[in-house]
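Can you keep this structure in mind? I'll have questions shortly.
Naming follows writing order (A, B and C), and every chain is counted from residue 1.
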Amino acid sequence: MTDILQVERLSAGYGPVPVLREVTLDVPTGTIAAVLGANGAGKTTLLRTLSGLLRPTGGRVRFDGEDLRGVPVERLVRRGLAHVPEGRGVVAELTVEENLRLGGLWRRDRADARRAQDEVYQLFEPLARRRRHAGHQLSGGERQMLALGRALIARPRLLLLDEPSLGLAPRVTAQIMALLRRLCDSSGLTVLLVEQNVRSALSVADQGVVMSLGRVVMATPAAQLRDDEQLRHAYLGF
Amino acid sequence: MDRFLFLTFDGLSTGAVYAAFALALVLIWRAARLVNFAQGAMAVATAYVGYAVVSATGSYWLGLGAAVLAGLALGALVERVLMRFVGHANPLNDVIVALGLVLLIQAVLGMVFGNEYRPTAVPFDTDALTVGGITAVSPYDLWVLGAVVVVVALLALLFTRTPIGLRMRASAFAPEVSRLLGVDVSRMLTLGWALAAAVGALAGMLVVPTGLGLHPHAMDLVFVIAFTAAVVGGLDSPAGAVVGGLLVGLILSYVTGYLGPDTTPLAILVLLLAVLLVRPGGLFSSVRARHV
Amino acid sequence: MTATRPTDVSRTDRPSGGPSPLRRLLPGPPGILAPGGSTLLRHLILAVLAGTLVVLLTNQLPPYQNLQVARVCAFLCVTAGYTVLVGLNGQLSLGHGALMATGAYTVALTRQAFDERAAQGRWVLPLALLLAVVVTAAAGLVIGLAAARLRGPYLAGVTLAVATLVPAITTIFTGVFNGEQGLRFPAETPPAFLGPYFQPERWLAWVALLAALTTMLLMANLVRSRFGRSLRAVRDDEVAARLAGIQVAGIQVAAFVVSAACAGLGGGVYAVLTATVAPGKFSLELSLFLLMAIVIGGLGSLAGAVWGAVLLVALQDLPSLLTETFTLPSGLAQRLEGNLALAVFGLILIVVMLAAPGGVQGVARRLTARLGPRRRAPRR
């Protein structure tokens, strides 16, 4: 199994303040990697650097073997990399339909884009019901579905998800996690998942990556983190 | 009653121009979060181009087309070459740079074309028609109203029904997210400026014949009025810009009609202050949540 | 929410712990002139020195150049107050041309009124100028109150509307202001004790110089005072300033009033120089010129205000310089006249904002910092 994502000694920061310090991690294709750690550990910054929103100060990112250096943010979705940012990024002023359409606009094949849109409506039935509603009229769970659906329309091969469970009821979180697992198993989607809700993340993840102060301090199979109490206490504090 | 009707139509006609201009301001505000203080000067420049074509070819319509095309080019140019390099940390920077651009454009126009007032050709009669004994509206006014209505409708269609319109709106509302979805936000910004300048160019061509003539400072006051209209409607709202423009046009028409033409700047100031102090968000203000 | 200032901080904005009480009481040149000495005394000495130098200069200059010195001083009154408002307080007003006009017309009307009543005397001019300051300050109060809640482009737009008012008001109240033709009033002549051959332009330069020095002195002290610090605090972070107990609205209005008073004085002096006022001289263009002057000179810097005033006068003379040096066809010459200055101004303004937002003073400061010894902590 090849690694769809290879991150080598990636460093980045905001101005003079370094946030990521030589982060190294590999994510095999078709798996879910959960990025965990305290606030300020650099998890969100990691995702933003991977998707190009933040320019790295050092290191390298390889996506499917290709170096992503210098690739503009706009072209990543074409290559199969989708990023659902912190806060979900549902465009509040646009309708559900428009948000989804936005996700597929880059595609040349309009018929295919429409098919993908129908698939998303099938996957997320509440969205289908609220097609014409504006983004700001949706509930938290619906917005998460919309953000996810919009990313999936692009049929990405790698999905970067930043705190999908934020503000969601436990039941909805569980549904989303289960969905992610299903997608990975059925279509070979790879997911890099940043989460504060460690338990639910670990329940579906294959790999657990713990970050602290900008570094990766532990990368191990998720099962180990789940089951080994000492390890869990040491790195995750519970 | 006669006078009132005349003033009403006249107000609507000038109001339509202000609406178009205010729309240009709103377009740029939504796309770039700044008020383009150079909008008036840019419109004058394109009007000079338009009328140069008119004198060269003898056709008003070619001139109009040329002005609009020049607007597209100028808007794109200003964004690409100038505005994107202005530090946005301080909101004053955009204004100051735009004002520098105003000085530059007006001066270059003066040097190339001279500062005299030039007479301008019009495609329709500017004298008011008399219908059934009532002096109401002139063919030119109808043309202005019609042109603006068509342009506003086209823009509305563009923004709500087309993919590129969707991209432009998304880029304005949520630039970062749009980039992640594959939208070239930077290009949409340039396009936004180009469209705004084209609309401004049209407005310029429509309004110049109604004034003293073509002249580098012809749009100075129009800019202030259009700014007022945009503020009245709410800088965030295109519909507000249109309504604001018509409203301001009407109000100014009545005020200057009954109180005298020199009262225009005073009336504008009072109106502007009134709106900003009572309802700063404008008539169509709505608190929008950005990302959710 | 934080609005960062557009440029470096003014030269007079050195962080100082304040002099020890003992130091303040001790006179003696080294103590006074050293940093930490009494601010007012230091500024007074500087003012006297500068004044003496310029007076000596005017002895050597022919009439036209003296008039130019006078014009620089008149503009300096305006730019000093203006740069404090825009640079230190962050309020972008585009209406200072109109405020200058207010001062100018006040002086004109006062002089005319006294002339009609055949009241003569040396005291008429100071009174007229004082009235100009008061009236323009009142205008500034009105604008300031109206604009206290406005920020950024909204404030700019409103003041832009104010700037367009001048020709309109002179036309509406033609009886008082005589519309486009403007007003004339008796010219200012040198006092008798200076002798019959004293160059009138030299006298005008002295009058303008006194006004400019007074303005600079007041502004310099204001900038260093608590009020000055409040101005900057409000500019940098309004919310934080409010939380620190600063009355933001009051500060905003006060800043407007102060800068308006300065503009009124400058406008009044400017009117005295030509003994005429007309709306054409106070057009929207003038307001933009003033803005350009303080930006290029260096926003927030009083030294920058000096550069700006010099620039304004120098560039006024540029077109005639050009047409004299090169022989141009008269049509072209006429078109270049005035417009060339505008074009150069506009271009410089754009370039400065993009490349050197600190203006001339910012560049000068960076150069001297590199040449001089390392001082204390880096500037804010």
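FYI, contacts are C-beta pairs under 8 Å (C-beta built on N, C-alpha and C of every residue); 3 or more make two chains touch, one makes a residue touch a chain.
Nothing here was measured: the structure is a model prediction, and the numbers come from that model.
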item: Contacts common to chain A and chain B (chain labels); value: none
item: Central chain (by mean CA position); value: B
item: Separation of mean Cα positions, chain B and chain A [Å, integer]; value: 43
item: Computed distance of Cα centres, chain C from chain A, in Å; value: 57
item: Approximate Å spacing (C-alpha centroids) for the pair chain B, chain C; value: 34
item: Footprint of chain B on chain A - complex, ascending; value: 51, 53, 73-78, 82-83, 85, 87-94, 98, 101-103, 105-106, 135-136, 138, 143, 150, 154
item: Interface residues, chain B side, partner chain C - complex; value: 34-35, 37, 82, 85-87, 89-97, 99-108, 110-112, 114-115, 217, 220-221, 223-224, 227-228, 231, 260, 262-266, 268-269, 272-273, 276-277, 280
item: Chain B residues touching chain A - in the complex, by the definition given at the top; value: 163, 166-167, 169-170, 173-174, 176-185, 288-292
item: Residue ranges of chain C in contact with chain B within the complex; value: 3-6, 86, 90, 92, 94, 146, 149-154, 156-158, 160-162, 164-165, 168-169, 171-172, 284-285, 288, 291-292, 295, 331, 334-336, 338-343, 345-350, 353-354, 357
